[in-house]
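Inspection log for the structure reproduced underneath, given as structure tokens.
By written order: A, B, C, D and E. Residues from 1 in each chain.
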Amino acid sequence: MVNPVLLIAVPLGLAFMVPLIDSASRKLTRFVPVAALMFNLILCIRLIPAVLENPIVINLGGFTPPFGINLFVGPLGLLFAGLISLAGLVVSIYSLSYIKNGPVVKYHMLYMLLLTGATGVVLTGDLFNLFVFFEILCISSYALVAYHGDRAGIESSIKYLIQGTVGSGLLLIGIGFIYGIFGTLNMADIAMKIATVEQSTLFVPMILMVAGLGVESAIFPLNAWLPDAHSSAPSSISAILSGIAIEVGLYAVARIVFTVFGISDIYLFFAFLGILTLLIGEMCAFAQSNIKRMLAYSSIGQIGLILFALALATNNTVTGGLFQLVNHTISKGLLFLSAGYMIYRSGSMEISSLNGMGKRMPLTSLAFTVGAFSLVGLPPFAGFPGKFLIVSGALLKGQMVINILVGLVLLSTVIEGTYFFRVIQALYFKDGNGERKRAPATAVTAMITLMILIVALGVYPKFLADFLSSASSDLLDKMSYVGSVLK
Amino acid sequence: MTGMEILLLVAFGGVMLTYILGRISSSLRNTFAVVLSLVLVVIIALMYDKTGETIFYRGFFGIPMSFRIDALSWLFAMATSVLGCLSVIFSLSYMSDRKNISFYYSMLFLVNAGMLGVVFSGDLLSFFIFWEIMSWSTFLLISFNRGPAVAAGLKYIIMSIIGSMAMLAGTISLYTNYGTLNIADLSHLTVSASPGYQLFLLIIFGVAFGIKNAVMPLHTWLPDAYTEAPSPFSAVLSGMLTRMGIYGFLLIIYVVVGAARFLHAADSTVSSFNYVLAWLGAITIVIPTFIAMLQNDAKRLLAWHGIGQGGYMILGIAFGTNMGVAGGIFHTLNHAIYIVLLFMSVAAIQYRTGGVRDLNSLGGLIKKMPVAFIGALLGICGLIGVPLTNGFVSKWMIYKTLISGRAPFLAFAALIGSWGTILSVYKFLHNIFLGQLPEKYRDIKQSPFNMKLPIIVLSSTILLFGILPGLPLRVINKIVVSFGFDSLNISLWGIVSESGMLNTINLFAAILAGLIAVWLFFRIGARTIPVKQDDNYAAGAAVPRDRYSYTAKYYDPLFRMISPYLKDIFNTFYMKIADLTGYLSNGIRKIYTGYVGNYVMYIVLFISLMIFVQMKWSPW
Amino acid sequence: MLKQELETTFDNITIRMEKKNQLELSITKDGIMSVLSFLKNKGYDHLHVISCVDWIDDKQLELVYILSAYMKQDVPGETEQLNILLKTRIGRDDPKYITSIALFPAAEPYEREIHEMFGVDFLGHPRLTPLLLERDYDIPPFRKDFDTKQYVDDVFGSVPSVEGEDKN
Amino acid sequence: MHIIELIFSPLLALLIGVFFLGLARKVMARIQWRYGPPVTQPLIDIIRLLSQKSASHGVAFNIGLVMSLAGSLVITLFLPFGKIAPMSNSGGMLVILYLMLIGPLGMAISSGESANPNASIGISRKLLLAMGYELPFLLVVLALMTAYNTTSITEIVSLQRDTGWSMFTFPLVLSGIAYLLILPAMLGVRPFEVVNAPQEISSGPLVEYGGPYLALATLQHALAFFIGISLFVNLMWGGAANPVIFFLKMLVVFFLGIFVNAVFPRLRIDQAIRYLWRWPSLIAFAGLILVCVTGS
Amino acid sequence: MDRNQLKKWFQNPVKMAHKYSLHVVYFCTGCGIIEIPPSITARWDAERFGIIPVATPRQASLFIIAGYVSLKTLRSIIRTYEQMPEPKFTVSLGSCPINGGMYYDSYNTIKHLEKYIPVDGMIAGCMPRPEAIFVGVTHLWTLIDKDMADGYKRYRSNYSAYRANQEKILGKLEWPPLFPIHGEE
């Protein structure tokens, strides 16, 4: 059975091979990421049956858990790894034709590094190892945001850099605290010892770590970098950022809060934080006239919704949250990719410039519409089952506070529907000039795959639902995690 | 594969096929569209008097999604498909000179399929899914002809999303409480629900269906949507789509909450909800009908009447006696027929006069377009409820319930509403068809055959249902029985109820005899000379061309008295809310100031706040 | 005292004051406009009527402008209440004259009527179309040499009576 | 027996209506100190009108008028004239209310077709006046229906036989007064004769009606007059057992209407509506509340 | 005044009805209209003979032209006459319509009205008093009796002559001819 370490090793190795391959033949570099991610995706799919019985634990370098670093590949980890490789693959196919000018070699190398960092964070079982992969992820995304090299790009990447480093710093201090208290860095080990320590002392490290990770996963007060970063990065990169980077950050927060600390009475606070992020994200998106900033703010909103779902900590809502997460990765990726080419054709990022795009680029605008409909949660598309699960799970809890929060969720869907439909109307029902020119073949294939995925998930969600429920049980019950790691 | 699955498959398959065929050749697509709609009508007709439920899909988290057919769904499905077929036939020539017509036809079929889905769905989940498909395809069609239609479409979709979210909340709360979404099971389970929960259910679903059926406070989207949508579609929109709200009300009040069984229990929440709903219906009758008088645009006038007539249906349904519910359903059917007829005659006028809808600049078209005139005349007779038309029978039933149910003020509101209809609808007929024919319309031709066919068909149904109400009432009686009421004493010519009966055949015979007698008396008189419109009394002077008609400010003496009270306060209120959210969101966006210093300060602030809260109150 | 001013400003003007408050001025054809504007500035801004007299024997048409001043009463201490008749004579054969609409817009219908009835055409008049008459006449009807009886005989006389008409 | 009633009650109504018109002209003349035409003058007018060859403005012009007269004729079948009530079992008060719609609607369509603004102004005034008196009239009728808890007019008449004229039974007094106040408007009598005003809008809808058309219009006017009075007598004055007493009661109401007609000048249409919507409506509203409160 | 002789009513109701229900449309441009109000109010009461004023020519059967007819009003008189339903009678009051009266030499008035529209009865007098009008009406009755009041028939039979006269005086008429003129286009 193939060793899951390859999931990290192969992209890392290939990332550093990119300059060598480039010097050999200029054309080949573009295909390296595609190959790596194709390999990753196939590997994940082959691992699924094995992981479903019991999670695989690998001890790197032969040391037993409390000392050595171990990888924990449970259904949750595999879900994220598969999602990262899928989204990465689609975006890399898209960027075959999208990234032509500028330092192409650096782009592909950093792209590979970003994905390895993400897969690493998702699979690691060790706190410090989490921090290392987290750093790789952040640094490569700082660089990629400034890829265009124009004034806005550099300025927003610097802002992202400053906030990211502050966050990582806090994370490091938190890990230091934990190491000081428990003397170990292994998550399972810490999880086991957590009960022995008096709860108040644990609070500070938890908040520091959550804040550190929160910066990357765009929770409300910490997400100020996101709108600038996403709007000035090239569309393929902003698709990856909002599709994968934020989700991975959220995974990390969830992993720490649920498995490592597992203090259940903080969940309500996270629920409120999630709703706050959702409302502010939607309100800001409503006030936007620039398409990419609007999509960025809507990402903040969706993250808030997923956080709210995870924070309710029942099997149903977490499955719903994960479903919504998968849906968000796919449809937000689709939106950014289609918006990318529309901006490329129309020249400016303003929504008014997108008038009449329905006639000029019919397939891309159809992709945008499908993505928008699925994000808003209209039935035949993927968003609806996610929202359905979240709301039904929340109502099952029965608390009046939760019902009010659910009301707010539905209200925010209305706002979300407004600004998305406004854009769709601009696409189809307003007359614009410009000749009719289709997007290139690679971009079209990328978009079509995502569209098929969305409709498939929307029409037959049961296929993903079982896998997600096992992933949510993996997240929620601490004991099975600890047991499988320290057996 | 029961009939219903075939039907839905054909309907949704049709959508894709029309679009593809449209790419190939327009004539192929037109014939396919007509054939498809006829096939739909035939399939539904074959499913007469069948009841049953089949589960067709378990893919959605294992929740069984089923189709259900009973008398109520059959009636609505039949009306939807017939009117859909007529409007497709009508729009063959109406839309022939427009751009991307295949998109229009495929969306029309999508709406039609969505409606059929809603009507046949056996559980609330598939009901919601088809409801959503119907809503956003209507949105795409309303904003079809550009310009102001875009704003109307946006207003429509926002209100319909609010409605859908309310319905989603209701459906899911039912799912969480009872574990099943199947309507049949729910109707047994909800009886045991606590009054508070029942009221919550009724209100949530009431808001969702109230928005769709444009009950008074939630009606503001309707006038813009009807006016801006392409006319054949606004016919379908006003005829059947808005009446899905009524189907929803029926479903919720009488099936899910099962009100019929204990409606008359004194303290039950349902009867108080119905009472409030009845009063809302009464207000929805009176105010929009008087606002309709102020309108100068033909379609906007009809739109306001759409809202007004919706009030009658709500009144009938909310007043929980068997005659009332039967009257409400019958009025929904009748209203669908004559409002589609009126919109089609306006569309025929628009088609010939190049899109002119303004009531002040038309006139005298009776000589040029007699078929459209006949359609409009019978349409407004139905709308008013002139005896011998179908509107009269259903209004008679509604009044009978109101009066014998000892609610004279509701009856008063309804009667005054019908008088308001008479005034505004006569202005509609007079300004378009009667009076002097303007110079520029001197040489317009008749409307083409496929516009005349639907008008003639609908006009004859109005008279047919008016004279022989037994035909539709037998079906409606089955519905009322299925709701748990005791059946009405229906016969082919009318209704016998304890406090007075209606016999339309005698009425028809009397009026016919009167007509013949008066016609003979008139024939005794000397032969009359046909004369053109210029040979007219103008105190000896020549008839001034194009300026010799009284159309603008038709009811000015009345307007000066009532127009200050008839401003659409709800519309301005909603607009204020929209601006408020826009202003608020601009304010919130200010948080992201753009200086990195602030952002980092937010992070530090967040952590210090957390620690402070923990130390002070230690909630965790 | 208005008399003295008029005498001083205009040389060939003859002024007569027969009635108590009526001043008759007569002037040559080309002096009218200046007198009219002078009087208008003096406050006589109301033009009652323009009428025309046909002196057939000395082959002249006489135009009479009747002016008066409403505003005079408001001015305190103003005693002079005058109606002014301004007369001028123009040739009868080719009666050409300039319009006074610029000064008195009210003159428009009067000038049209005089044009129609006397054949005087006013240069600069915006629309000299027929005002009152149905038919057109070779000799303008109000002229003295227009023989109405003769006109009636040949116009109305010429209308044949309908054959079945004259039996009763 | 039923067939004879069916045929003769409309003819009887026509006869009485024409007689009332002739009588009205005679009484008006007498009030104005002049002899006035013979009572049969309307008949003479109709014969003369029928013999005149007049102009027609199209098919709707003819059919509308015929429809309006037929509609009024049919109403007479539903209204009990003393004992004779031929069709009252196949539709009650509601049917009468809606049948009273066909007359004005038919007239409106045919005079609208005559393409003359005087006619359009006349119709808009007729509809406005109808809206004016309809508000209080509906309140009165609803009060009656709720008080007697029935919608059939013959039942109302028979119930009044034992409880006395509904005008003087306790809860319906207010409605009775309101009905009296709006009766001139319903009959189209002088203070509210805004519809066929000869001076202002050259006889409104009738401006283009020539020979036979004018005959039909006068007959329709006569019938409307008859229906208004007979409805009032049936609802408020207890409708008599035998037709002769019924006719006498109608005569009393007729003279009431004519005296009002002879004395009053014509109101402007907005004054008429303002009057109708102020005092009669308030009284009728109070009447309905009274009936509801004291009702069983 | 044979109104109440029932035999005559049964023999010929139409002629009797025409005699005793003369709805009048007055053309009040001339000075005669001042005579009409006294004739229809309390002192002379025309209504007892069935004569009532009506608003529009469509409803009328008698057309009374009171006073002189100027060129301009001839146009309206002709149009009103043509709008009246067919069995129609015309009566002119005063001497001006007969031969021009005191305006015999005016360039602006019509001298012989009967050249333009058929006139059944002329009541002379420089504005006849109401009694004279009633006498005129009684004469009209006898004319109707003897079928001599056939102005409308004459108008129909030699319409081309009438039309020619009218166009001779008024120039081209803008309304189409009432009856088809044979011999013309």
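As a convention for this text, contacts are C-beta pairs under 8 Å (C-beta built on N, C-alpha and C of every residue); 3 or more make two chains touch, one makes a residue touch a chain.
Keep in mind it's a predicted model, so treat the numbers as computed, not measured.
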- Message: If I average the C-alpha coordinates per chain and also across every protein chain shown, which chain's average lies closest to the global one?
- Response: B
- Message: Once every inter-chain C-beta contact is counted, which two chains account for the most?
- Response: B-D
- Go ahead and note the Å separation of the Cα centroids belonging to chain A and chain D. 79
- Note on the structure: So, in whole Å, the Cα centroid of chain D is separated from that of chain E by 36
- Between chain C and chain D, tell me the centre distance in angstrom, where each centre is the average of that chain's C-alpha atoms. 63
- Rounded Å distance, chain B centre to chain C centre (Cα mean): 73
- Where chain E touches two or more other chains, by residue: 56, 58, 83, 86
- Note on the structure: Flagged in chain C as touching 2+ other chains are none
- Message: Quick check: what residues of chain A touch more than one other chain, meaning two or more?
- Response: none
- Message: Can you give me every chain pair that touches, using the contact definition above?
- Response: A-B, B-D, B-E, C-E, D-E
- As the complex stands, chain E meets chain D at residues 3-4, 13-14, 16-18, 20-21, 23, 41-42, 45, 47-50, 53-56, 58-59, 61, 83, 85-87
- Touch list for chain E against partner chain C, complex: 71-72, 100, 104-108, 110-112, 114-115, 118, 154, 157-158, 161-162, 165, 168-171
- Residues of chain B defined as touching chain A within the complex: 58-62, 128-129, 132-133, 136, 139-140, 143-144, 146, 149-150, 153-154, 157-158, 161-162, 165-166, 168-169, 172-173, 175-176, 581-582, 584-586, 588-589, 591-592, 594, 596, 598-600, 602-603, 605-607, 610-611, 614, 618-620
- Query: In their complex, what parts of chain D are in touch with chain B?
  - Reply: 10, 49-60, 62, 65-67, 69-71, 73-74, 77, 87, 89-92, 94-95, 97-99, 101-102, 105, 108-109, 112-118, 120-121, 123-124, 127-128, 130-131, 134-135, 138-139, 142-143, 145-146, 149-152, 202, 207-208, 210-213, 215-216, 268-270, 273-274, 277, 288, 291-292, 295
- Message: Help me check something: in the complex, which residues belonging to chain D touch chain E?
- Response: 25, 29, 32-38, 41, 44-45, 47-48, 51-55, 198-199, 202-203, 206-211, 214
